[in-house]
Structure formats: structure tokens, C-alpha cells
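Next up: some structures, all given as C-alpha cells.
Common to both upcoming complexes is chain A, partnered first by chain B, then by chain C.
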Partner chain A sequence: MMKRDECLQILARHAPDDIVVSVFSAAFDWVKIRPHALNFTHVGAMGLAASYGLGLALGRPNRKVLVLDGDGSLLMSLNTLVTIGSVAPRNFYHFVCKNGTYEVNGGHPIPGAGIVDFAAHARAAGYRNTYVFDDLAQFENEIGAVLEQEGPIFVTLKLVPGAEAEHDYAKLYAEENRLAFKRALAE
Partner chain B sequence: MDIPELIHAELTKCGVTLAASLPDDWVSPLIRRLAADPKIKHVPVGREAETIAICTGAFLAGVKSVAVMGTTGLHSCIGEMMTINLRHGIPVLVICSLRGTPEDHQVYQEQQGRRTIPMLQAYDMPYVALEKPEDIQRIPEIYTHSRLQKRPYLLFLTRRLLRAGK
Partner chain C sequence: MTDGSLSGSAIIRSIKQCGIGTIVAVPDIHTSDGLLHPISVDDEFRLIRVCREDEALGVMSGLTYCDVRSLLLMQHTGLLDSINAIRGVSVRYHMPTCMMVGLLSKEPGVPPSHSNHYDVRIVEPILVAMGIHYVVLETDADLPKIVPCIERAYERSEPVVLLVGRRPVAQ
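Let's look at the complex of A and B:
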């Protein structure tokens, strides 16, 4: 298992200026680790992070789009894997932060915690390549090459919470951030 | 031109280049028509809520898009439209069949059909129902209005309209 903040710090070094859609616990950590206009955190109900990412990837085919999904969130819309596998955007990189719980909703275990293999689902749905990381050193060594491949790529990150980030939804959903995101995309 | 052709032509005038869809039998001919246009990226989805999020992402990327679905699908993704588009002020135009009207003789459409308009009114989501072929030419102004509203905006295809093309 990797600590989430340490894992995302490595990812941020390899994705300094990419479009990143992130949700819930991963989003709080991500915006602290990589503050950037191209962070999109204005998600709504659980489960559709990958669909926002797909719309962005189709709209900006020359930029990489990374999605930092949650396992509880992805579980709510496994159908999105099939849609993305079918559309097969080459600039799409889908990470699931797998901790086996609905972390921000009280830490209850998700159905299939310890059993479900999201990478296998993604592979079966048509993602070009899939990976599973649970070791920080291995992740550091390999993530650069993973991000050099054509998408859609799926990566399971086996994580435990690390250093606590502030959970301030008013900041996460601030309108000025969304407007800055749209402006940055237009550049 | 038949009804799907007329709608397709007006969406083209709007600059729509992405359509995300899940069919019911009434909107199916329109989806086929959009999917056949090489200038439109058509994304078939497995659940209607995906269309809302895909169009939201496309909007942020500066791409004009439309979601296409049936009435039952609309009811299934109201939570997403509320928490994404109403909450964050992001427009999305949804073209949807208006099922459950007196012209619709499918019994399984009746319950959700009766509640569709009251539901939209409760959520303060604007809508327009196209009743006649000449209404279709309103689509560009409706598309512009949907952008100004910064909310989900429903464009309903009625049975009367779809029959007029037969």
C-alpha cells in the first residue's frame, strides 16, 4: 500500500501541466499538492469523473487528461469504463484511488472491497493498457513510461490515507476555480 | 427533409460537434442521423447520466454538444443534472422524447411521463416542447438560450412532431 499524498506527489512531478479531474479525498490532496488552473474538481454526484474526463479529452485531443477517480465513485458507474473503452481517446489516463472504503462518507467498506479488480474490468472494457501499483518505489520508476503511452490507460493505485489535507468544499467548488479552468483550457 | 434531418440541420447551424446519447425508440432515428455525420463525434453511453457529464466536460473544453435520451432516462439522471449543472452553473442541452402524453400508448411510459414537466418545474429547469415541424427552426435560439441560462435545458420531441414527419 502507498500513502495517497506521497503517491500523488510523484504523479504531480510527471503531470505538471496536464488537465486533471479529481474527486473527493483525492481531490483535496491533489489541489494541495498541485495547485493549478487545469485542476477540475467541480464534480457532482459520485460516479462520473471519467465522463467529465472523456468530454474534456474529446474537446482537447492534443492535451493529456488524467482522472483521479475513487473506487466507491467508479463502482457507481462501471458503465463508464465501457463507454471509454469504446471511444478509446488516446489522451485519456484513468487512475482509481483504491482504498476499499467510502472514505469521505464515514469510511464504510465498498462492496467487493478486497475482491474487485477494477483494472481487470477496464481491460475487459477495452482500455489499451492497465496497471496496478501498490509500491511507491515501483510507481516512481514506472509512472513516467505509463504516461508516455497512448490511452486509454487505466491505473489502480492501492492507497491508504497519508497526511491529512483540509476538506474545504467551499474552496474545492469555488466558482473562480471553475472559471479559471475554462479560461486556461481556452488558451 | 424528415424530422431527424431537420433537427440535425439546425444543430449543425448551432455548431454542435459532439452528441452523447442513449436511445429510446422515439429519439432513435435522430441518434442514427447524428451518428452518421462525420463532423459530429457521437458517443453512445451505457447510462444517461454519462451524457450529462460528457457534455459538461465538452462545454468546459469549448465544444458545442447535445445529450439525447428518452424520458425514462431523463428521470434517471436528474440527480447528476442537479449536482453538476445546477450546482455549478454549467449549461447542457438535452434533447428528449416527451413520453406519457395522450398520444403515447405505451403503458410503461405513463407514470414517469405524467411527472416529467412537474419535475422540471420543481428543479427550475427550463424546457421547450417542439410540436410542429416549423418549431424545429427555433433550435438555434433555444441553443443560445440554454447557454445564457447556465442550467440544464430540455428540448422535448413530442409525438405530434415525430408523427408529422411520417
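Let's look at the complex of A and C:
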């Protein structure tokens, strides 16, 4: 298992200016680790992060789009794997932060915790390549090459919480961030 | 309401007139022959086939942030299934989400709210409760409603629904 904040710090070094859609605990960590106008957190309905990412990837085909999904979130819309595998955007990189729980909703286990294999689902759905990381050193060594591949790519990150980021929902969902994201996309 | 028919090709022309080049769809037998099949072979459209209608709300919002116009084609059951996504994505974040919704089983010439079918009858009251603007397309006489409805979505940055009350014919 990797600590989420340490893992995302490594990812941020490889994605300094990419479009990143993130949700829940990963979002709180990510915006602290990589503050950027191209962070998008206003998903609005649980399970739709990858769908936003797909729309952004199609709308900005010359930019990489990373999605930092949650395992509970992805379970709400597993079908989206099939849609993305079918559309197959080359600039789409889908990470699922797998901690086996609904972390911000009481820490209850997800259905299939310890059983469900998201990477296998993504592979079967048509993602070009899939990866599973649970070791920080291996992740650091390999993630650069993973992001150099054409998408859609799926990466399972086996995580535990690290240093706790502030869970300030008002700040995370501030309207000014959403508008800044739109402006940044237009540049 | 009047007797008559509803031209699918005229609906498609109106969609194009609004600068919409991307259609996100889940098939619906009500609009299959008149709209989705012609759209699927029309080179002027990019068709994104999604598995569930709520996915489309996210995809279309992503496209909207990139200034790409799109329209969701689905059945009213898909609309009912997507209410939370419409609330959380389109209403909450003021997205100009354009939804064309086939009212399968609605009786021709009968207003949706007077249908004998419960699932059709509840659509308009739900849209009213959600504060979502909508129009009903029943015959060709209603075609002039399409462009203003879609343009309203983009002018006000809010979702709109175009209810397709009768099966459009392909011509």
C-alpha cells in the first residue's frame, strides 16, 4: 500500500500542467499538492468523474486528461469503463484510488472490497493498457512511462490515507475555481 | 394538439442550425428511426454512444467547458433515471445541457401530462419542479420551438428539455 499524498506528489511531478479531474479525498490531497487552474473538482454527482474526463479529453484532444477517481465513485458508474473503452480517447488516463472504503462517508467498506479488480474490468472494457501499483518506489520508477503511452490507460493505485489534507468543501467547490478552470481551458 | 406528423430530418436540421455537432445517445425506439439512425450515418455529427444516460451529463459538461456544443438523445425513462445527475451537474453548475427526450407510449395528440401512462404523465411536473425549461414537439407545427429552446440554454447557461411527443418520421 502507498500513502495517498506521497503517491500523488510523485504523480504531480509527471503531470505539472495536465487537466486533472479529481473527487473526494483524492481531490483534497491533489489540490493541495498541485494547486492549478486546470484542476477540476466540480463533478456534481458521484460516479461521473470519468465521464467529465471523457468530455474534456474529446474537447481538448491535444491535452492529457487525468482522472483521479475513487473506488466507491467508480462503482457507481462502472459502465463508464465500457463507454471510455469504446470511444478510446488517446489522451485519457484514468486512475482509481483504491482504499476499499467510502472514506468521506463514514469509512464503510465498498461492495467487493478486497475482491473487485478494477484494472481487469478496464482491460475487459477496452482500455489500451492497465496497471496496478501498490509500491511507491515502483510507481515512481514507472509512472512516467505509463503517461507517455497513448490512452485510454487505467491505473489502480492501492492507497491508504497519508498526511491529512484539510477537508474544506466550500473551498474545493468554490465557484471561482470552476470559472478559472474554464478560462484556463480556453488559453 | 393537432393531427399530423413530425419530421426527423427537420429536427436534425434545427439541431445543426444551433451549431450542435456532437450527439450523446442511448437508443430509444421512439426516436430510433427518425433521429438516431439518420444521425449515426451523418458525417456532420460525432455520435457518442453511452451506456447510461447519467454518464452523458458528465460527458456533455466536459465538452461544454471546451466550448463544444452537444445534445443528449434519450427516452423519458433515461431522463427519470438521470434526475440526480441533472440536478447535480446541469442545474447546480448552470450547464447548457440540451436533452431531447422521446416520450415512448405517449398517445399522439394527447398532452404528456394527460397521458394514460404514468411514466409519461409525470415527466412535465418533474421538469416544472426542477425549474427546467421544456418544449413539446408533437407535430411539424412545433418545429420552430427547437432553435429558440436550444439557444435559450446557451444564452442563460441552463439545461433545457425538448420532449418528443410523437415518433419522428425519417423524412
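Here is the rule we use: the second predicted complex is superposed on the first by the 187 of 187 C-alpha atoms of A that agree within 3 Å, B and C clash if a C-alpha of one lies under 4 Å from a C-alpha of the other, contacts with A are read in each partner's own complex, and residues count from 1 in each chain.
Quick note on the criterion: a residue touches a chain if its C-beta (ideal position, glycine included) is under 8 Å from a C-beta of that chain, and two chains touch if they have at least 3 such contacts.
Quantities reported herein were computed from a predicted structural model and do not represent experimental measurements.
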| item | value |
| --- | --- |
| Chain A as common anchor, with chain B and chain C clashing or fitting | clash |
| First, second, both or neither for A:124, with chain B first and chain C second | neither |
| Contacts of A:77 with chain B and chain C, given as first, second, both or neither | both |
| Touching partner for A:163 - first (chain B), second (chain C), both, neither | neither |
| Chain C-contacting residues of chain A that also contact chain B | 40, 42-45, 47-48, 51-60, 77, 79-80, 82-83, 86-87, 178, 181-182, 185-186 |
| Chain C-facing residues of chain A, complex | 40, 42-45, 47-60, 77, 79-80, 82-83, 86-87, 178, 181-182, 185-186 |
| List of chain A residues in touch with chain B within their complex | 21, 40, 42-45, 47-48, 51-60, 77, 79-80, 82-83, 86-87, 173, 175, 178, 181-182, 185-186 |
| Residues of chain B touching chain A in the complex | 18, 20, 41, 43-47, 49-50, 52-63, 65, 79-80, 82-85, 87-90 |
| Residue numbers on chain C that touch chain A, as the complex places them | 22, 46, 48-52, 54-68, 84-85, 87-89, 92-93 |
